[in-house]
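Following are the structures in question.
Here chain A shows up in two complexes: once beside chain B, once beside chain C.
Moving on to the complex of A and B:
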């Protein structure tokens, strides 16, 4: 989840997010190196006392400062395309969950076997217990088995919403009348938070998403318990 | 033949990848399986045959389609206002 004064991404909870994180570090390092070099050159040019009014052109340096940027761009493009295609892989999900956006809560449906559906409202600040996170906790979490490929189909009941969970590297728009598919696999058990990411009215900031990844037996117990309750 | 199909249904986990719908938008995947289930039912019942093969389409549309959409379509079929061709 997010931390105060955080600068970088949240810790990854899925392999795809890990790749995105590492790629971001790689691209940002290149950006920092180039920016530092350019700043150094600018400062040097400004303060130097050496001048030669007769330097007009130079083939060698022109070649260098054309080829070098081209190679750097290739160095950025190759990992980027690798991750793009990785995210587009055909996967074989073990479970399908539907996430429906409403004003202003999410509802989750697990209908592979029985018809399990429930709403997930934000816990208001005055009802939080010590240790819980303000504006992030929900009364019912979307529980999933850890290390299993999951397919999530996202839609909306009324207006546009967006289902986003940063540690899983997921953001998908919830469009009324449309069913958007995304898939992920959690590499570790834990609780992962996200927030609605498309303006949807007065309580847009108050409809969080909470995904809880647990071992398979716990997931089976939880789903039986939820079915009994509803 | 029916033994293999029953095995397949017993081992059903969730809707598998369908190459007809490879992209992010799975709306048509849900709708098509809903139509296919009811068409299959209608045709096999008219021929007075068992509707067991239709079970696959039912499981797939149940996995993919939001409950509210299925309820709305079922109500429309009851009242004769369903727009799809079954």
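Moving on to the complex of A and C:
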């Protein structure tokens, strides 16, 4: 999860997010080098005494500053497109979960085998126990088995919402009357937090998403327990 | 909670306020190689031509090229290591499944889940 005054990405919990982090580092290095180049050119232009009022053209520099940006753009575009198509791959998911956005909570349905559904409300600040995170904890977590491909179908009941979990590299709009699909695999067990990412009313900031990735046996126990409770 | 996290994390050093050289893999090595390449290229040019202004330009060009070259070389090696790591992890996981045989007789959700999960394994993985 995020830590105070964090500027960068959270640690990745899925292979797609790892790829996004690596691409971000790649793009940032290119941005850094371009910024350094611009800074150097500015400093050179300010301190130079070499001025020539009669220069009309220069074919060499025109070629350089045409080809160089084109090459840089290709260098950025190729990994970017690779990740874009990688994110759209959905390889035989083991589990499909429906996430519905409401004002102002999420509901999850596991309907592959049995009818399991529950609501997930934010735990109010006054009800938090020591060690829990303010505005991030939910009473019921979306529990999934670790290292299994999961498909999430996202929609909304009333207004626009957005289901986002940063460390999994997921953000998908929840649109009323529309079913959006995304898929992911968690690389490690853990609890991953997200927040609604589309303005949806007064309590838009108070409907978090909590995904808990557990080993398969624990997932089986949890699902049996939830079915008994319902 | 915040104190524990703060104690465990170093404060990154950001060049130009954007590039965290401590936390970004390969960044520190690339910048250091770039600095070395810049000094080397500039010195060589100056010793051969004694042109001060152009030396700075050559030095800067040397910095850019060396940084880029070192960066891409390191990133390519890292990418190859990551692929190897995933192959090894997959191999270890399959080797563990050879030992553990999940015989689950509970009906409905768990049984269907087991069948689906086992069906996705490569042929010959399970030895019953």
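Keep in mind that, in the parts below, the second predicted complex is superposed on the first by the 229 of 230 C-alpha atoms of A that agree within 3 Å, B and C clash if a C-alpha of one lies under 4 Å from a C-alpha of the other, contacts with A are read in each partner's own complex, and residues count from 1 in each chain.
One rule holds for everything that comes next: a contact is a pair of C-beta atoms (placed from the backbone, for glycine too) under 8 Å apart; a residue touches a chain by one contact, two chains touch by 3 or more.
All figures in this text were calculated on a predicted structure; none of them were measured in a lab.
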{"item": "Clash or fit (per the criteria above) of chain B with chain C on chain A", "value": "fit"}
{"item": "C-alpha centroid angle, chain C to chain B via chain A, nearest 10°", "value": "120"}
{"item": "Touched partner set for A:92, first chain B, second chain C, both or neither", "value": "both"}
{"item": "Superposition-derived comparison: chain B or chain C, residues of chain A touched", "value": "C"}
{"item": "Touched partner set for A:40, first chain B, second chain C, both or neither", "value": "second"}
{"item": "First, second, both or neither for A:227, with chain B first and chain C second", "value": "second"}
{"item": "Touching partner for A:119 - first (chain B), second (chain C), both, neither", "value": "neither"}
{"item": "Touching partner for A:8 - first (chain B), second (chain C), both, neither", "value": "second"}
{"item": "Lowest inter-chain C-alpha distance for chain C and chain B in the superposed arrangement, angstrom", "value": "5"}
{"item": "Footprint overlap on chain A, comparing chain B with chain C", "value": "92, 94, 112"}
{"item": "Chain A residues within the chain C interface of the complex", "value": "3-4, 8, 18, 22, 25-26, 28-29, 31-33, 35-37, 39-40, 44, 48, 50, 92, 94, 112-114, 131, 133, 147-148, 216, 220, 223-224, 227"}
{"item": "Chain C to chain A touching residues, read off their complex", "value": "1-2, 5-6, 9, 15-16, 18-20, 23-27, 30, 53, 56-57, 60, 63-64, 67-68, 71, 75, 79, 82, 93, 106, 108-110, 112-113, 116-117, 120"}
{"item": "Footprint of chain A on chain B - complex, ascending", "value": "12-17, 22, 24-27, 29-30, 59, 62-68"}
{"item": "Contact set on chain A toward chain B in their complex", "value": "90-96, 98, 100, 109, 111-112, 115, 117, 151, 153, 155, 157, 172, 177-182"}
